[in-house]
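Quick one: the structure is below, and I'll ask about it shortly.
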């Protein structure tokens, strides 16, 4: 076994974290209980670039218990929980190359390290691993891969269209039980949690600007409102903008919103959603946070270029003083605020995503050699199975269609 | 010109209704202003089976002003606004065959009547017109059609799959600016409005059961909660059930919900979502309403078979006394409560649907002879154009992507 | 028996209305069942100026069944339900002097008529009856009175302070089970219901301005938000304004709000909350409604003075065209929109108010001659009894304090 | 100067905390700017038992800058921020006797220490200081005091009624700008923040039981709903229970709620709101937190008596394993979860409370010797001044009444 982590002595604390996560990931645990018996992944080498959190730990452990050889690196330089990394190494024999506070060089070094395990299956969060494999032509042994994020799927689809994609990838992000839950409910809550841990501000009475109204943005907007904020949405798509209006939010351009916001959270998947020019318009005390995958949404360099001085006033809260004395607060260096300043998604949503991940890995292994090198949606039967496992675990009984109803839904000849 | 309506002398009242609708349909009005000049539908015969409301009136008028010959029948025996029908005949020369309170015989007679106009384009709401045309092989002259509802689209897709569909149909229902708005925001509000007009009950403090958690169901659930109701969702899809739970609703089977609900609203698109057996479990005073297209969701016959007597206690509110004295209230005979007991969708949402309808008709006419006999989604450029027209009319300025941002969203090689 | 009503032949329809109300007024019905046996009001003459609705009908019937002689007049020229008035006369022998559409002269004539019954107890809604009695010195025989509204209580307290009040009055409005429920939940829903019946507009996406953030205003604001509106609050009290902000609403001056609102609802209890100057700033299509007791909150005369023409475009919706072509819509002549354009409060909230009324009348009769001529709050035991009756009727079980807990809540010596 | 704190070297970090708080306490800062000039508290000795947080630091600094001699102790053994304590000592010469993790003995020792400063004014949070002074007859020199909490005010009112209160106390808790904001918005958000920091659970989809529906309880209930929880309210008052129902919450007895809750938060002000018997009914994984002042609301001893083992699984999260294997998680030892596991109220709400505190202290000093030994509400002019200062700082313009409107609101003779 190989590893490069912060401190192996943190393993016990990490183990308690894993237990806590397991308590809140009942769907994945029921999959784990099943595949632990059959070992359908015996001998399969799996490499994963994911946020190294306690939930990823439960996923890695699940794959390991099913027989796989597992190697992990971090998908974000700030998101690794060092105690969990230690527990995975010490108690479960997982090869981990990750620590909180990696440099960009470390980051790519660790990805490189993973590939030495000659994985048959790769799991990625953002698409950097897939990109690395393609750029370095390391896809010879590959059964296929998975991708966790919207951002990553967009990149992979671009590769598919350019006909450079070399192995099949299951877009876990596109599972209903992923994108309808993880992005909206997970990031919706945890991004705000990250902001509160960094700042301890009161949301009630604040003018909150949510930049981007995709699933992440609408989750954040809904929770900010639920905490008493006045919420303004900035969005470039007319369809989404209209939806935001109908849900009672104010919609305006970023330039207008910049002047009145107290708190700004970006979730666009695009660069410089908040630009230097926007920052120039902001009020004294404005707080900037990013909930999108990459740290490109807020123009951090632009902000720094106009600041006369800066200091960390609270952990993850950096004060920038502009030349006229206005103070602008940047959270977590513009990186994913829920991971950097908080603990990332609650285990309950990762339960859904990672149940899809686990079942998708099984599917790829089973189908090895039979799938075209394309981006695939998660098969509906996997998606629905995950939902059923979760509902059962929550003790919820849903309606069953009668035979008559099943028949009816197939008919078209009935009239008024 | 031909017509069969209730009373031509209602035309003036109907005209005021049309003016009121026009005030709240700014997107369609801007289309009207444009095509009134060019007359792109000169000489085209159009037949439509739609709810004959003031908004449909504005659509029919728009097509007429663009040069078309227009004939209308009702898509529901109870939904015709007789004054609007009169105004369309008297002031705009539209051939209307519809009145409130048609028999089932009348209903099909009127559909038959429409076909005498040898339409090139047909517009339908529910699929009965398309079914009639196919059953009677009247599709010779047809450039194509449109379909307004989920129910209709399901029927047409079944026809497409059975390879019996004979002309292209644009599924207006599938436009983002239709299904994301009309079903959720339109029916969400108007179904409750219909219930309140029929009953004047207080929603606050009531246990409200929403049966079906599609777009209609979630619109209704959200508005009932917004009025202070405790909302229970009944749903057969595990994915939707899980989503309802995450949005804070209780989820249970219909059998369990039947015992505790004060108000039940169905929106499943399926039959007997509320069955006789469910009704047998209900509390004294339970109120039943349907917000789905067809009057099959509540087992009305079943209810009547177990009632020892019944009477209309308020307009659209029928009291059924069960043998043990419990009273069950059925609204609007189990037909669409927002149309039967209320005025149907507010003009503002129909503005979106009918802008899609108008632009889809223009598209069909322009493409005549070039489209396969399939069910098509509304072209994205139409969909986005409708959203932009609406936003402009509301005075909302959305964000514009910079060149850099447009470029970025096409890239995949950028990393962390 | 004497009466002056619209049409006695409407009695049967009115009777069904009363039955419907009784179904939704379980607390008052349980009081009725009790006092019907003991007849504690035998021979007592009671005069009431109330909105003559089905719920008032149930209250009047309750007092009558308890032995009283009851005479009713309307507290608002537009709020009488003529069929209910007929049923009260025909089936219950109640002396009713009220019809929908009274002139101001009729209104005072009917109040005068009531006093011929030499009432011992008077019930009022707004304070006009109490004012009339004092101005005409008709208080000789009086045991006391009740007052239903905030407005009326303010007037009576002014009388108390000027030492001109001549008999004790119980401020039913001040009961927790009245003002915390009736104004907020009752008017909150029914004012919007009135607006929807008058206009059928879509609330979602509208900029809604709520003028006044007392209990009525906050009820309306909360429900408008629940229906998808963007809600702006206008308020003169800094305490209430701050509360509105913390609950996520925008707060601004009326002048600023006037420029951007689509829908305005007043609930200030004050005059010209919307003045002519404000109206001059409004957008084409703005809709004005009042939810306060008196029709003074919108400057109707001012609006008419600047309109070049006006017409009723829909029932209760009057279009005013300004000189520059902008159209302003006034609902229900600026009178209480929930009563004039809708059916007033749902029975469920009136159940609480009128249970307090009934128990307060019993209290006054029992205490005759022992109470100073002051304004009294509803005794707490009555207030709590009403809440318990309601909860029992709804099948809700609340927590019971243990002995230990009752003791603890009396202590102060326990420390950390 | 005297002090007893954890570590004076933490002062710099504490200073940054104070600066951050000052940024979010604009109302108190504007008071500070004013009284710093006039020094109206020159030479006055003030002792305060408050949570030693950054906000309390700003208050203490304000009093000091106004000329007072200030001594502080902690109102809760777990709530002291040691860095803030250090900064107050080092940079502002305030006598602080407080550290995180005091024993009960320390706690009373520190209170005793304060009294050596012979204070003329005492400020308390919970009533322990007032109780101590009275039990030890140390009230000779006293101009008066203030009390921050509901709990404390209840204790003081009991003392007033028993005629043992020896100096006037201003119930800061009863200021509108305190109890309508601090308890509801402050604890509403921060209690949930504390739960999330301790557990990182997902609120969406959880069954959350709020025990007690006073201002704290309703704040928590509203925010839990806003985060997607299904919220059940347990309440012993029929009036509050009915209000909770009308706001759409489920209401039931604690015994019933115990069986279905995932998360329980107490806010009753009473003992054993969650008893051992209730815990015996709970599901595996249930989480218990307290948001009430004292750690008596959850029967911690009872829980420990039935646990076969316990361990801290995460900071502030203690796992208790029952004999049948069920795991129950107690947060922060049942102490105030927002203070113990989080950072207490956001500065923004403390801005209101502490502006009232500062102005009340000025009032007491000014009125020394003229006030009876009673519990007083905050004078309305102070209350409204605080609200106006806050609104000004937020840039909000509220409506101004016209002369005509001021006149009208005094009148009672106007009629319909």
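Note that the chains take the letters A, B, C and D in the order they are written out, and that residue 1 is the start of every chain.
The criterion applied here is as follows: contacts are C-beta pairs under 8 Å (C-beta built on N, C-alpha and C of every residue); 3 or more make two chains touch, one makes a residue touch a chain.
Computed from a predicted structure; not experimentally measured.
A.B. asks: From chain A, what is the lowest number of touch steps before chain C is reached?
C.D. replies: Minimum number of steps from chain A to chain C: 1.
A.B. asks: Identify the chain pair with more contacting C-beta pairs: B-D or A-B.
C.D. replies: Pair with more contacting C-beta pairs, B-D versus A-B: A-B.
A.B. asks: Based on the averaged CA atom positions, which chain is farthest from chain A?
C.D. replies: Of all chains, C has its centre farthest from that of chain A.
A.B. asks: Approximately how many whole Å separate the CA-defined centres of chain A and chain B?
C.D. replies: 37
A.B. asks: Please work out the Cα centroid separation of chain B and chain D, and write it as a whole number of Å.
C.D. replies: Using C-alpha averages as centres, the distance is 52 Å.
A.B. asks: Which positions in chain D are in touch with at least two other chains?
C.D. replies: If we look for residues of chain D contacting two or more partner chains, we find 185, 204-205, 225, 228, 245-246, 394.
A.B. asks: Write out the stretch or stretches of chain B touching chain D in their complex.
C.D. replies: Residues 204-205, 225, 228-231, 245-250.
A.B. asks: Spell out the part of chain B that touches chain A in their complex, as residue ranges.
C.D. replies: Touching chain A from chain B are residues 75-77, 104, 107, 126-128, 131, 154-156, 158-159, 176-177, 180-181, 184-185, 234-239, 241-243, 245-246, 251-254, 256, 269-273, 294-296, 383-384, 387-388, 390-391, 394, 396-402, 404-405, 408-416.
A.B. asks: Okay, in this complex, where on chain A does chain D touch?
C.D. replies: Per the touch definition, chain A meets chain D at residues 16-17, 19-20, 23-24, 185-186, 188-189, 193, 196-197, 200-205, 222-223, 225-228, 285, 311, 313-314, 317, 327, 342-343, 345-349, 394.
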